[in-house]
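First chain written, first letter: the chains are A, B, C and D, and each begins at residue 1.
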């Protein structure tokens, strides 16, 4: 099994799906000759040509809108939004159109669309190249929202997303692109959309996370293990539809909960996880349902000093784990 | 004190503020001669003329974007989005611009902007004239989000919003426009942005709501009172910044929580309220933190049978209260 | 690039390449759309239909365009005034009335959407929503798919002149032009967006002028003249099928009613204008033309009107009898199931 | 309505109404912008500045425009290539470098934003963000406010040609035209949007052609000719102050660097083109013109370059010495406090 980083795993997934099905095409800014500003689509333009790897105009609404149309005309489009921060112009097309077309047509029309979205910070991208956007979209029925955190999951979930008959928002944490490496099988496989994954089993507390923060949680769990605390770390992987069963089952075992994401806390996705637990596993709780999220400021600043102050860290996560364990 | 409906209270608030300050102007679709599709701005065009009550082109992004510009040039603009369902094209201007300008300029620029947004269903508006959008915006630092549910609050909060130096999303539930009546003082007053309001004090359980659902909760509380259960009903009024203190204080007294909104449940605003309680009032909880929300379907359908199936009702709320009281 | 209607009228004799029975067919669809529409208002006033939004005054613009398109092959994205268009494309009057009454068997949405939000996959009528203009990028994407696949279907999309103020209009036309996609943009300009007059909406006299910004031919045509619209659409279709790309057509029409049954246009429209509108009725005009050219006798017209009235009666009755959606179906079709028709990979090695 | 540069060049003798010292001043700003910009790349390569995005090749387009505007009165909304513009408007080289180094005293954002996201209320430079095109509606709103108040300030806003594909461009120009607002739209067309060539971005040869869609005069000008840009902007300013409304100016410029320090333009730009760009340097051109007309001696030029180099050295040193933002300040300015300068109601009876 070859080792590769998360970015390479995604590229491989795209390549294999394009080879497998001529309906798959990529549409976005700079995805062609340039291979994307992160190089995710590098080589695909040369391999599949300008009608399957298409440089779009600088206009996110029509990137998504045209992909919706193409999906309704029997294609399997993959839209790339250059940075999550620039998905806002496409909010109308994603939320009011892609998400509602199947429902509003009473099941008559489908939108098999993948929207690839590099997101997240810690890469010195400042206010407008660091944002997390999952909370906005995970709230929307009709959408699926996927947040892989390892190369294996990324490739397997990407293939599932391309095969899914529904619109899937595929969120790729930019800092994991080259930082996170892992083994990816040679043979074809899928990771299904939906199930969470217990990345580290444990007994004393349950930690729920995804994306870059998942790795920080694993690091913190390692630290706590040395201190004699057994932390279960669960990678949510799919935020909508959420794997409520796996979440509640873990909480019923450990009785203690920490939810971690990078997005700002208030109104963030963690609230939903906490609320589900507080309602459906209340009797099993041995302590407050704790959350860690980015601070409630408009976005992550550029200056190193401020960016560092913004990002939750393995240390701050470990500290919360300790408090919870001691409760 | 004259009695009036919520719509009239808003109109009066607009009128008085326009009379008081020549910087206040209204910009939106059909707000002029037509007086708005709900008649909220009726009469203002005749009174203040076409340069202060301006019919915009059919383009929500520039409605908000131009108001941001005007706010930075010393005006106090009030943008009207005709229906909440049509705010999506302005998502970029609201979230990436209005909300972040003060922060990104390190406090140098301000955006004193009010965006009035009729929202909510139960008015036979179908998928695209019934939506609730508060969860999207209450997540965004830099924005304030206000959801009045009585004529008194609506007028008082509107005036506070117009005077606030920050962008305020002012959400008006369409079904309350003519349904909800109340006394409004002749003299000038304000309702501050922030504080929640205990609309009905009670001892056995705490119910948190806003908008139309607040009234359904009051109705249900009345039913429960007859059954000997004392329900405290708290009108959140402002969703961001949220009055966490009043919420937690109530929970510490009653130990039981029900959160009710019309928006679909998953990822909705109720999750944040539940999460705050599950973390910060955990020790006081005597039962699961319950939530009622709209079903997780893309939007509220047109057919009466389906619309009725969608909307939470005083009866379904009362049923939840009973379960909680019995816990 | 703006071609005026005069130039079009200068083309071959009356009816262009259309034989008399086709011309009568055109009229029949216009009458049918009108009769259905009028019935909807009656039902609305009677408290039986909570919402109506009209095609009245737009019939010629739509029937003219429809007869130049290929039914069942071309994709149609008609906005909420597109009743006449969807009738020609094969939606039945009963189906239309099922939508009005929000019945379970409404083919557009099973009673989920407001009336006049048409859609039917079988007829290649693409599901429409309420936020204006969102369908324009969809049409472009359909055209893009067609180009990638090497097909020769066309996407025809309509919208009002107010809607051209939306960013989606701009982004879509620009993209179509870059790739010379087979799309026809029909703007039905009735001079109003609810209460907002075109003067408040744009500083240009014709929406056709907007084509120049994209390198797309912009043609303004009298949209109450069904044959003129047919002719400009026929040329646009030829152009698109040849691979020469999109056309923007402005069909100048009249809004013969208030914006919708929720509106009262006397609050913003001068009375003399409301009166005038009646004199621009595209049906009156076409009847006169057909009569003049000996294609339609008085008896023909009477028979046609009677036939249409009977159809409308029957459609109304059938639709009223149809069942409402069951409350439990609220939860259906939030997600398309896996292994649906689109699921299996096609070709390749996987 | 598209006016070509030839017509502009046919206007009064060299330098138009500008006296020699103003012409030298123009050059000085161009040299200063270039020297600062080049220093930024040096600092980037040395690992001292994580991100650079250049003005190189755009200097003439901005300095020409800036000299036609009224500093401290008109509102400026310059996109991220607007270094030369903000220098003329009064931002100091040290302030620019404070932004590059993300220092606490950076006037644009206190180190919160990426470099080149300019803003300064005192100088009427409106805070800019990264999502392209969002500033265009702001400019329109500033113009609208000016019209409501009866003032005569102008809003000048710039953006790249790629950005004209965004819906916000369209919505903004349309609104401005309807109300004839005092706004100048400057599109700095360098033929690329990162790697995407103008051919892939639009099917028209000139962004100026887009004015016609709104009823706005569209003028295309050689943006490497500082005096030509000055002259078209001067006319646009006159027009706007007269109350005749907006102008769309396309300044054809060259992008002399990669898109930014994160880009490598050799992956998509042919080598001969990269070589050619050097020959379209607006500074070389202006120096030659001034020399030819006897306005600048070789010694003048040397002195100016030396002066500019010293300024850049000093600015760099000062800025490097300045402190980073304190971590706790992360939480500042999320909301403007009540009772701020905008709070008190003005006039009226309340």
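To be clear about the criterion, a residue touches a chain if its C-beta (ideal position, glycine included) is under 8 Å from a C-beta of that chain, and two chains touch if they have at least 3 such contacts.
No experiment lies behind these values; they were computed from the predicted model shown.
The chain pair with the larger count of C-beta pairs in contact, out of B-C and B-D, is B-D. Of all the chains, the one whose CA centre sits at the greatest distance from that of chain A is C. Inter-chain centre distance (chain C to chain D, centres taken as mean C-alpha positions): 44 Å. Work out the mean CA point of chain A and of chain B, and you get 30 Å between them.
Computed from the mean C-alpha positions, the centre of chain B lies at a distance of 37 Å from the centre of chain C.
In terms of their C-alpha centroids, the spacing between chain B and chain D amounts to 40 Å.
Of all residues in chain C, those that touch two or more other chains are 109, 112-113, 117, 129, 131, 165-168, 171, 174-175, 178, 200-202, 334. Shown for chain B are the residues in touch with two or more other chains, namely 56-57, 59, 61, 85, 88-89, 92, 96, 100, 103-104, 127-128, 141-142, 296-298.
Note for the complex: chain C touches chain D at residues 165-171, 174-175, 177-178, 180, 199-204, 209-210, 212-216. Only residues 29-30, 32-35, 37, 55-59, 61, 85-86, 88-89, 124-129, 295-298, 301-306, 308-310 of chain A touch chain D when the two sit together in their complex. Partner chain B is touched in their complex by these residues of chain A: 61, 85, 88-89, 91-92, 95-96, 99-100, 103-104, 127-128, 135-136, 138-142, 240, 242, 264, 266-272, 274-275, 277-280, 282-283, 285, 287-291, 296-299. Those residues of chain D lying in contact with chain B across their complex are 75, 106-110, 112-113, 117, 119-121, 126-127, 129, 131, 134, 136-149, 153, 155, 167-168, 171-172, 174-175, 178, 332-338, 340, 342-343, 345-350. By the touch criterion stated above, chain B contacts chain D in their complex at residues 16-17, 19-23, 25, 27, 51-52, 54, 56-57, 59, 61-62, 64-77, 89, 92-93, 96-97, 100-110, 112, 141-142, 144, 163-166, 188.
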